[in-house]
């Protein structure tokens, strides 16, 4: 077979296998989606979908919800979790241009039953914008920072909160920004500890990591 | 002044400012340690200390505990936390050569009152070694993976557990390993989600990130 | 002349010169194909063909077989070799997105009379998938691993088998994956020995290397 | 001759030729110093001097002032300029480890008759430290920011002041900091405009650039 | 909100927030422009606008002036400043291919009320061209050098003038020019001091930096 | 003016200024061509012309000769030089895919009155092809080697001849070939001395360098 | 425990675990050696040993054989294999400076009972040297090419033989050779197929890969 | 044998094989020198010799002339050639720190019977220094430019002369100079044609290339 759906991943890791559409033909993408659905996986997510992938999946599964800006498709989403609460996971972006990547993160979290709070365009060039939302950040259980260019928002936020900060460098910028590699390396070199870095533009990975963090809490709370 | 100790960092972020000795003179290092101690910071940690730093700090503060292999000094450590329990934080290394970096992580955690479990030398070249410790990994609240060369242990572990995985690439290796940059980029590109990456050889950062994760749990449990 | 066909390569090295279409005009590609055919080379292969190359070659040589997904054209393929047997060469991919590169490998091998076995989508994020095919891998004379992102499948397989492992990093991934360079450097830095690395996306080179390996056996067996 | 002293540089550009000791033998360094002194250049500065350079120069010119931490030698310094005033040029460092580079900047400025103000250790991990010195920064005619690791202090300061900001990335950090290249590229990619970037660890260049800026003012004021 | 306009930036830093269109949807770009206009920001500038951005902004704000070659839109420009004078800011390009980037610089300066002088195509391959304009350069208060390939014009000019030189490396060139990174690193490594480097192709940043420099003069002159 | 034609370059350096079309608008390209023609420059060459450049130039100057594969336009070519002789300059390519770059070299040389000999497709994978043309190479006054991928032809040729070898790395290849940077760095690191390296795909530069070499001979012969 | 010896590796993969001394303390190295010896592993090899490692191991195990130039220690070597024959494995170096890496390869092979043939200093700068040993190369079952600088010997040899070529790039060279990365990338980009590349300076990995290849033959011959 | 002296290289290429001492043991270096001497090679040169190499060679061959700053040893030098004349080959350095590399070039040329002219310290920061020596440069048959940092001297000289310019980038500089890679890439990207680039710090290669150029003249003159 061309696709071996990992239907047991939810049981092992708490999150479903996600279909990575980039590099797959539309037909392979549909096959993967169907295999996951048939295997009982919930939700089924497709990331990095282009219009051809989207058309093919929607033709096969008309109830797929399309999130164009985020490049995602959602099938069979989970209902909001009991433990989900506004403000446990806060997603913050440095600029408006980072919203596509933040969207990948938010769509993923919501499909998994979380209720993330999104704060956009609070870059450090206008530092008062960060300070204005400081209380929301300080109250979160995990903060996801989405930032391109030099990504200075990451270390600034990590110095203001006690929660783990998941930082997503984005490819916003040009020249020395090197398609996001400078933001990535800057976040990894940050003078502030407490930052968990994921790949450039990887909103999906940030969502799943943030969820592992809040689920760790939930499991312990439940078990306590 | 040459040093402005950030004595309020514990209140803001939950972890103390740590003295980064690399690039400081021994005298500057002593000044920083003394300022933190005088400011009431507990514990006071020095990382990346070489013998000259160590000698100077110990002369000024004879009760400093020296961890040579980890390049760390510990003063005024915290007692074990009430919530700390063996196995909440598991630190695992791919090879024996990664133990120096793992030591930086473990020393930091213990000075902060955590009780991490260390599992060394379980690299994927002998995959049975990973499978043998699978249950310990699966029970952890956060797993820290310390691995150099190609760092394949990171994605393998992240596919076996539901906890967040903090991955520390190390500079073990040569040639194409590029002083740890290949391990770093490989972990960021991993096919398995749920991995929080920190800088090459950054055992300290991994410790503080892992602690933010378990503290998030503790705060919520306490508040629940 | 613009093309000097190396018609003696088969006698020297055991494999025919292959036409690399990238960077050639369609007319140059046709000229090269015709020169090889006229020189008695069997089979004649074209790699990295785009639609313009394909159209021109098929117009001149209507019996060319087109493999679109693999970007290859095959003329005058060899019949299956006597020594070829299922399972001597096993080609395994980490994900479905790696199938294009694996196709270049498989098409090349089959045109040369080999009978490779293809196992797709056994990435380490679901490690049980690797363990399920372990016996097939262990019985092979050479294993070709095709993997992108962090390519952890390479060292995992090399630790389970005694055959040489030919590893093909692919350009699947984004950001820190750096168009396959991270997979490439990771495979070269792997903690498991026994891995022969070829260029990113070089399914053709992997096929010819794998064939040199099994032919070495055949020659010795024949001579023994 | 091995040295062609550019004794006219002061007239052309306002700053003297500076002897770059790295890569010169001690004897060549002495020759260069003597040639500049003999040519009437004031002051004569040597940068990146190691102990062998220092010993040789001091032997030949006993009145040379040695600044060990900054790796500089000063001969025939200028008296404080009439237009120099505390606070026109403010030099600020992110950490204590950046003080060596800041020293190269301050020593150069003082030898040229400026009166820079130095503010050390105001990194963004403790953002209140930046805000505490905000008024001093806002009153400056030019601010020099010296910062390593991810160098987030640069864009934060540039968003708070209307003066040009000269940013000096330093090689403080490890791993993804890439010997200061990440700080360099981050400062160049910063979301805040108004930043003039110089080479990694180039305190000397920052001093001379800052001085060109205040001199432009002085010339215009004088001419007005 | 998706956009938090930083309407106070002019008061803090002397320059308005500029809308960076790259990575924004046309709708987001219009929203940002409107928010700045409504907040009283003058002028409102859009950089890196493609035809879709331009069409959308002009539809919403028909008085927007379009600068196609520079990729910029200007709304509500400032009138020429009292202090502006021809020749205070001189913009010089190495080649004709650098004119797009120089345009971004000149458009920005003019919208802010400056009166820059543009000298095009004075590359060092014909050194007499530089020497011909030497007096214009020497009389400037700040010189902006726009150069691609190896960017040797930067250090040559900086050795001829006493004003600060703002150098903009461009992505003109191929191969070893590495999309402008070689020009960037060459300017940072230049043997001549006094060079302020900005990002590759960053004509906007050069304009705002040059303006901070002349404004520093104006403020001091005014205050003197 | 947007263009300052360097009409004296021929007198200074022996070669005319060449119009680099990349990054110029078609109108700017025409302006540059006309300025050079009007200034008496012979020949006038345009490199890296795309169809829009070509159309515009041919419209303005109908006698321009178009070399599509080489991306060049030639106006007012020189007649063959008296000293030109077949075989003084030999241009050799490793593969057929390198012919576009070799064409840029040959077109330039012929427009300047040289008579280069072109030998295509003699890559080292079939070493006999190199040895077959060995006598032609050994008799040349300068050999231009055009090669992509690993460019091994360069050092092999330089070890067989006593003439200077001008090596042009090409961007033929993929993955680790890094768009020609690997060929470039390999040629620079070659174990054989006597190789003059030019930029990736720089057939024009190779032509002008080769011509400077044979002209040096001619001037001395004439003067002797 | 700090060391988990993988004593079953020989049974799984045919080669023993090798102790990588770099990054281990002398004490850890001794522990690893002892654990492997106690576990019945034969031979026990230590690679990348420095004098401190060597002294400690020899003190604990006086029968360890020290290979200083190769940085290796050998304990309990295997006797020559029945199937080993001179000329099955040929190791060839481009220069004399590559002999250290070739030594790591030869020592490993001999400790495992193979009988490799070593041909040194046959670089392509003097191509006749390669052609002189052509018959030895053509008769081999596997050829290991050890070459630094531009490593052109790899593709030249691979075009002359039908055996698989294991290529070891070395760090011999400077500047653009980039510590062996250029040789590595050149070999991966080679125009000749049939090359198996290992990491820079990885003589050990080449040996184990070459041995997997000849063992594949032996197993099939035995089984046939 | 460990060394296969290429004694025929002089006959083939006009220059002798040179012993590259880096990476060789002192004993191997002596063996290579002796083999070349015994094979009748004249002169015998050793490059990149450290004190241990020098001591060993001088012990074996007491008449070896040591050039410490250039890292070279010369045995059996050629007498000055009849055709050699002052000023045919001019070697020019940008700074005094480049003199070590220029020395490697000059020593090699003189040992081969050439009479190079050396002009030191004429960097473009003081452009008048270049213009002062313009006539000497313009009269040369080949100009060797030795320059580090941004190496702007290369394109400036190439625009002033009609001779081929051999450019040697040096590793002088720091940070963005990247050990000479920026100078290297800048020279390759230069806006002035006619530049032959060799590896970073490769004074030897520049000498041999320059000599091939003047010898091409001599051969033709002789034959004319």
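Order as written gives the chain letters A, B, C, D, E, F, G and H; numbering starts at 1 within each chain.
One rule holds in what follows: a residue touches a chain if its C-beta (ideal position, glycine included) is under 8 Å from a C-beta of that chain, and two chains touch if they have at least 3 such contacts.
The model shown is predicted, which means the values in this text are computed figures rather than measured ones.
**Student:** Among all the other chains, which ones are in touch with both chain B and chain H?
**Tutor:** The common neighbours are D, G.
**Student:** Which of these, E-H, A-E or A-B, makes the same contacts as C-G in over half of the contact pairs?
**Tutor:** A-B
**Student:** So what's the Cα centroid distance for chain C and chain H, whole Å?
**Tutor:** Computed value for the inter-centroid distance: 45 Å.
**Student:** Averaged over CA atoms, how far is the centre of chain G from the centre of chain H? Could you give it in whole Å?
**Tutor:** Chain centroid spacing, chain G to chain H, equals 36 Å.
**Student:** Which chain F residues touch at least two other chains?
**Tutor:** Residues 9, 95, 125-126, 158-160, 175-177, 184, 188-189, 192, 199-200, 202.
**Student:** Would you mind giving me the full set of chain pairs in touch?
**Tutor:** Touch list across chains, by label: A-B, A-C, A-D, A-E, B-C, B-D, B-G, C-F, C-G, D-E, D-H, E-F, E-H, F-G, F-H, G-H.
**Student:** Provide the residue numbers of chain F that touch chain G in the complex, in ascending order.
**Tutor:** 94-95, 123-127, 149-152, 154-156, 158-160, 173, 175-178, 182-192
**Student:** Along chain G, where are the residues that touch chain C in the complex?
**Tutor:** Within the complex, chain G contacts chain C at residues 9, 12-15, 18, 141-142, 158-164, 166, 184, 188-189, 192-200, 202, 204-205, 208-209, 212-217, 220-221, 224.
**Student:** Show me the residue ranges of chain B that touch chain D in the complex, using the header's touch definition.
**Tutor:** Chain B reaches chain D through residues 1-4, 6, 8-9, 17, 20, 22-25, 28, 32, 48, 169, 171, 179-181, 184, 199-202.
**Student:** Looking at the complex, which residues from chain D come into contact with chain B?
**Tutor:** 69, 95-100, 120-122, 125-126, 128-129, 148, 172, 174-177
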